[in-house]
Amino acid sequence: MSETPAAKPPEEPKGLGLCGQFLKDHGIATTRLPDSCGVETIEIDGAHLEAAMKLLRGSSEIKLDYLVAISGVDSADTFDSVYQLWSYTNNNELIIKVRVKKTDVVEGQLPLVPSLARFWSAANWHERETYDLVGIRYYGHPYLRRILNVWDWDGHPLRRDYKQLVDALNDKASGSMR
Amino acid sequence: MLALSLVTRAKDSLYQICRGLKTVAMHTFREPITQVYPDKMPDTNIRGRLALAVNPETSEHLCISCRQCERVCPDKCIEITAHKSPETNKLELIEFKIDHGLCMFCGLCAEVCPTSCIINTNDFEMSEYSREALVYDLRKLTLSQEESRYYFDRKEIPLPKPKPAKAAPAAAGAAKPAAAGKPEEAKSESEAKVADAKAADAKDAKEVKQADEPEKQTAAPEEKEETENKEGSDKSKD
Amino acid sequence: MRNGAEILKLGTLTLVWWCIIFGAVWAACYIVGILIPMALTSYESDAARMTAETCRALTPILSVLVFIPINAMFMVLFERRGLAIFTVRLGPNRVGPDGYLQTAADAVKLLFKEDITPRGADAFMFTLAPIVFFAPSIFGAMPLLAAVTNYHELFQIANLPTGIFFILAASSVPVVGIVMGGWASNNKYSLVGGLRSAAQAISYEIPLVLSLVTVCLMAGTLDVVQIAKQQSGGILNWNIFGGGALRGLDQAISLKFSSSAPALQELSKSSFEQVLKSVYLEPTAQALGLGAGQEGLAGIIAAFAVVLLIGSIWIAYGLYMTGACAEINRIPFDLPEAESELVSGYNTEYSGIKFAIFFLAEFTNLFIVASIAAVMFFGGGDCPVPAWLGTALGGPQIASVINQALTPLIEIKLVDPPTLFATIWVILKVYSIVFFAVLIRGTLPRFRIDQLMDFGWKRLIPLSLIVFVLVVYAREFVNVHVGT
Amino acid sequence: MATDTEVDLTPRLKTDEMLINMGPQHPATHGVLRLILTLDGEIVRHTEPILGHLHRAQEWQGQNRTWFQYQALIDRVDYLSGMFTSWAMARAAEVVDGCEVPERAEYLRVMVSEMNRITSHLLWLGTYLIDLGAMFGFPFYPFREREKLLELFEEIAGQRMMFNYIRIGGVMRNPKDAWLSKLKRFTEEFPDRVDEYEAIVTQNPIFLKRTKGVGILRKELGMDYGITGPSIRASGVNLDLRRTKPYSVYPKLKFDVPLNDRDGDTFDRYIFRIREMRESNEIIKQCLDMLPQGEISGKKQIAGLRVKAGEGFAAVESPRGTLGCYIISNGSDRAYRIKWRNPSFCNLSILPELLKNHPIADVMAIFGSIDVILPDVDR
């Protein structure tokens, strides 16, 4: 049973976790965030993301070689790119967050996060999806194009400020209750 | 050597094909599994067409206009019109509309209903020639007494307690005998349900309202009514 | 037999539809071929005689034209019901009584549907393709007609001495129609389907023809009527059992049966051996130039040759069915219309009546292929019961009773017993083969195109050549049809 | 097919690559997937999948519906294994919320989920054989067994595919004894039926020719693309969440996770699904024996159902692979963010790699073998 209760008042974790320590040993600074349901969660600067991922994936003891998902989150004041890392061989788990402050994003542009797709094929479609729905631009992605919405869709639907355009075709018909 | 292996392989292949053919051919002697649908109605347990049940014993309408179903419906396909009766100070159901064209038969409304009034029947034959015809009104939704009894038995719903006699004349809307008021005391279990839901609603009523906004815009006058209803039902609880 | 009711239903349905098919063809042939000429004989003018002759000449064509659509309709229904039985379903059972009219309704629906010619299609070719696909199946049916009707005089018109050659030539034309349709549709899927069909038909034509050539070689003739005639006299004379290789056995057994009196037992025993000797040993010894003392060797060789011959002919039959399945695009060789890859292949863009013609021709081809098999391998209109067994079972008595009953009909030439029974047997045989094809359709997945080519060129063609050579040698030692 | 030894004809003969649009309306794309294939003759050189024809904004709806409402919607994410989608979200919400699930509910969840795994694999088996061209006979047999299970689902959950049965904190309804005995009867006769399928398919030479050595998925490639489920187990990676990250009552149950010792091809993926069905059947049998009495829900199923603030990721082993759900809750009655990690979406991303240099006839054989379900891809 891997179900552990959530840290109710998100207490500040003490010190670095396994992966955080490992990354620090290799000269990459991370910030530890409150554990999400018992899984070590670290924040990392976008510039170090690629190096950190390569280290975590390649190391023999940690071997986080299974990129489960990349999710984009439109948080209160940041855009988060969240990486769920698992391992095919052991039970290590890690959540990495890259946070881009909303104040840092240039007006009319998308937040920038480096892409993993060039050395990790699993990231390819996940990044496309996150770009499509949350609007995080992964620079260095070989084919960053909308994947779930049509290519000429306006806006990014999972943004908090997204407004659905009125669809003239499916608007209220007189007889329907919609 | 090559020839021999070819022959063996051909033999094996033929044997395997024949094995498959035999298995298929032996199915000839099995009973067909087809259900001859229109001739023989299937005995289903599906969450089918929504309907409003009446009390199987007294044939009074079970709906208390609490709007739980309306609120929980993910598709917003339920529309309830009710007003507070001036004499009894209780909610009276005026109209109950369900758009079956929108409904996805998730059964959540039936789950939250405190009086087990709205239920999923087993009926799935609802084809109509127009979308408008799929909007069922109160008259079309209300089940007869026998049907209600059937579904109460089938779904093993405990029978509701009969309403005190004094409420009966108030409900005597001659045109709509079914549109009666609500039973005074719901069962203790369903009351708990109502209480729970009310508590939850009260906490974040604001948030719910916000989400419902687009739907509510067309029916602005109802907004007021709803708050009234809430008061009404709260009172009835006391 | 928990499914007895369904099987019974399929049986009744088949019988009823056969009656419909036969009734229609029969009526048409009788009216045009016999009734009108008979009526015209009273007028002694040239014009009347001419008309009568023309009517007679038109009878076979008319019979085929009436037969094909109705029969195709029934075959579709038969296949659907058959598949339903294999897959524990009921099949179409709504239109008409118990679904009897399902395919008739389908046909009517198809006829009334809009006939669409896609934009960019070559309209002329697009229209021509179904015709080119369908017409050869009528040509192909012509020479077979005489063979399956026990060479009734009315159907002798197209009795070509090179019958099987003509049929094969006709049956290889439809592929032109498929390529035409595929190309004219202006659709990539159709085009690929058409091209695949061409490649496939060319590859599988060869084993198909070689296996039939094997049979012709044994029969010594290309005339289908001759081939059918040679096989008369019961199951042991059919080509599938070595084309007369068991004839000696047959004769010997019939001798044994005929002499049931105990006094003749001794005589019959000797004659039994004698017949066997004369049929098997002597020709073999003669062919090998063996002397009188080497009868044992000759016997072994003869027995070996008989077994070899029968084995080869079974393989040839398997080759024929494989090639034929490929030729008519049935599973597992339905690549031209491979649904999961090419949507619907060459007929993707067809609708309405043109599609109906494609559909019709497909099933007609199946019927023709099966009837070729019936004529070439299964004795045509021959009753499978050997004469001696028939006699033992009281066959002649039954036949005379039936003849008696039919006498009034025979007198007005409405019924010709030899033709009647021949056709019934042919239909039974053909539908058994069709039923087997349905079973195959219900079981096997589809080949891939390159595997199909591999299988055709690297397996089937060498095998058919080997079988051919084997038969050439084996028939030297066995007294087959030739010369009897 | 001699592409490698092709004679150079370019100076005299102009050849060109052909673009073919497979789908979205194509009989064999299992829904509405569009593949833009670049063909060289009949050989696929490049594939571009175009998704999204079935996009229903499930994540957006998760943010705009209450937890209670959204539970009814998520069966639609993967309509062939609705129990697993429900379970994934229920687990994620339970992990975040910290609520306990009664043991009876856990057993019931395992039971219905394994039933659902069987139905999903049965449907895959039927449609896969259709993809390979056995159109008319065989596919009906798996559907016959699937029908029986669907009837059981209908009885316990009220619908045949959109169950809405597994809820946050437990399950919806207690099964009756008659239901359990029906299920027992099914588990007893099911292995015979699987034997029947295998008699028809597994050793069929045409089937073997179509599947053996086709679409070989290298282990490293599969891990690079994050492939999960039977597809990666057939390539020898031991990834079955029921064993590697055990959840629910799976540790108490005895079952094998079949594992290949080489890079799997299409045939291996077929045979692994067949084996998995047998294992699931065993699991159901055990659950039927071990089913305890007790509560079925650890959380009250009310319209205002809430999940405590927090974030968490939980995954279950669906028939197609790791089905995960990442939840951020702010304590209100609806999620702040719900992210689905769909196995089909990730498995489909490897399709261009697998199809490269295969003839067009293998497109469907390979595409079918990775068992993708389009609503699950598009959400």
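By written order: A, B, C and D. Residues from 1 in each chain.
One rule holds for everything that comes next: contacts are C-beta pairs under 8 Å (C-beta built on N, C-alpha and C of every residue); 3 or more make two chains touch, one makes a residue touch a chain.
The model shown is predicted, which means the values in this text are computed figures rather than measured ones.
Q: Counting only C-alpha atoms to place each centre, which chain is farthest from subunit D?
A: Most remote chain from subunit D, centroid-wise, comes out as C.
Q: Using the touch rule from the top, work out which pair, C-D or B-C, shares more C-beta pairs.
A: When B-C is set beside C-D, the one with more contacts is C-D.
Q: Calculate how many whole Å lie between the centre of subunit C and the centre of subunit D, each centre taken as the average of the chain's C-alpha atoms.
A: Taking the mean C-alpha position of each chain, the two centres sit 47 Å apart.
Q: So the centre of each chain is just the mean of its C-alpha atoms; given that, what is the distance between subunit B and subunit C in Å?
A: Taking the mean C-alpha position of each chain, the two centres sit 60 Å apart.
Q: Compute the distance, rounded to whole Å, between the mean C-alpha positions of subunit A and subunit C.
A: A distance of 68 Å separates the two centres.
Q: How many angstrom lie between the centres of subunit A and subunit B, each centre taken as the mean Cα position?
A: From the centre of subunit A to the centre of subunit B is 40 Å.
Q: Subunit B: which residues touch two or more other chains?
A: Touching at least two other chains: 17, 20, 24, 27, 33.
Q: At least two partner chains per residue is the criterion; list those residues in subunit C.
A: 86-89, 442-444 - these are the residues of subunit C that touch more than one other chain.
Q: Of all the residues in subunit D, which ones touch at least 2 other chains?
A: 137-138, 141, 144, 200, 204, 206
Q: Which positions of subunit D touch subunit C when the two form their complex?
A: Per the touch definition, subunit D meets subunit C at residues 1, 18, 20, 26-28, 42, 129-138, 140-141, 144, 200, 204, 206-207, 209-210, 359-365.
Q: Quick one: in the complex, what on subunit C touches subunit D?
A: It is residues 83, 86-89, 188, 192, 331-332, 334-335, 338-341, 343, 441-451 of subunit C that touch subunit D.
Q: Of all residues in subunit B, which touch subunit D in the complex?
A: 12-13, 16-17, 19-20, 23-24, 27, 33, 44-47, 68, 71-74, 104-108, 111-112, 120, 193, 196-197, 199-201, 203-204, 207, 211
Q: For the complex, give me every residue of subunit B touching subunit C.
A: Interface residues on the subunit B side: 10, 17, 20-21, 24-25, 27-34, 36.
Q: Spell out the part of subunit D that touches subunit A in their complex, as residue ranges.
A: For subunit D paired with subunit A, touching residues are 51-52, 55, 57, 59-60, 63, 91, 94-98, 221, 223-226, 237-239, 244-248, 251, 308, 310-315, 322, 324, 326, 328, 337, 339, 341, 345-346, 348-350, 353, 378-379.
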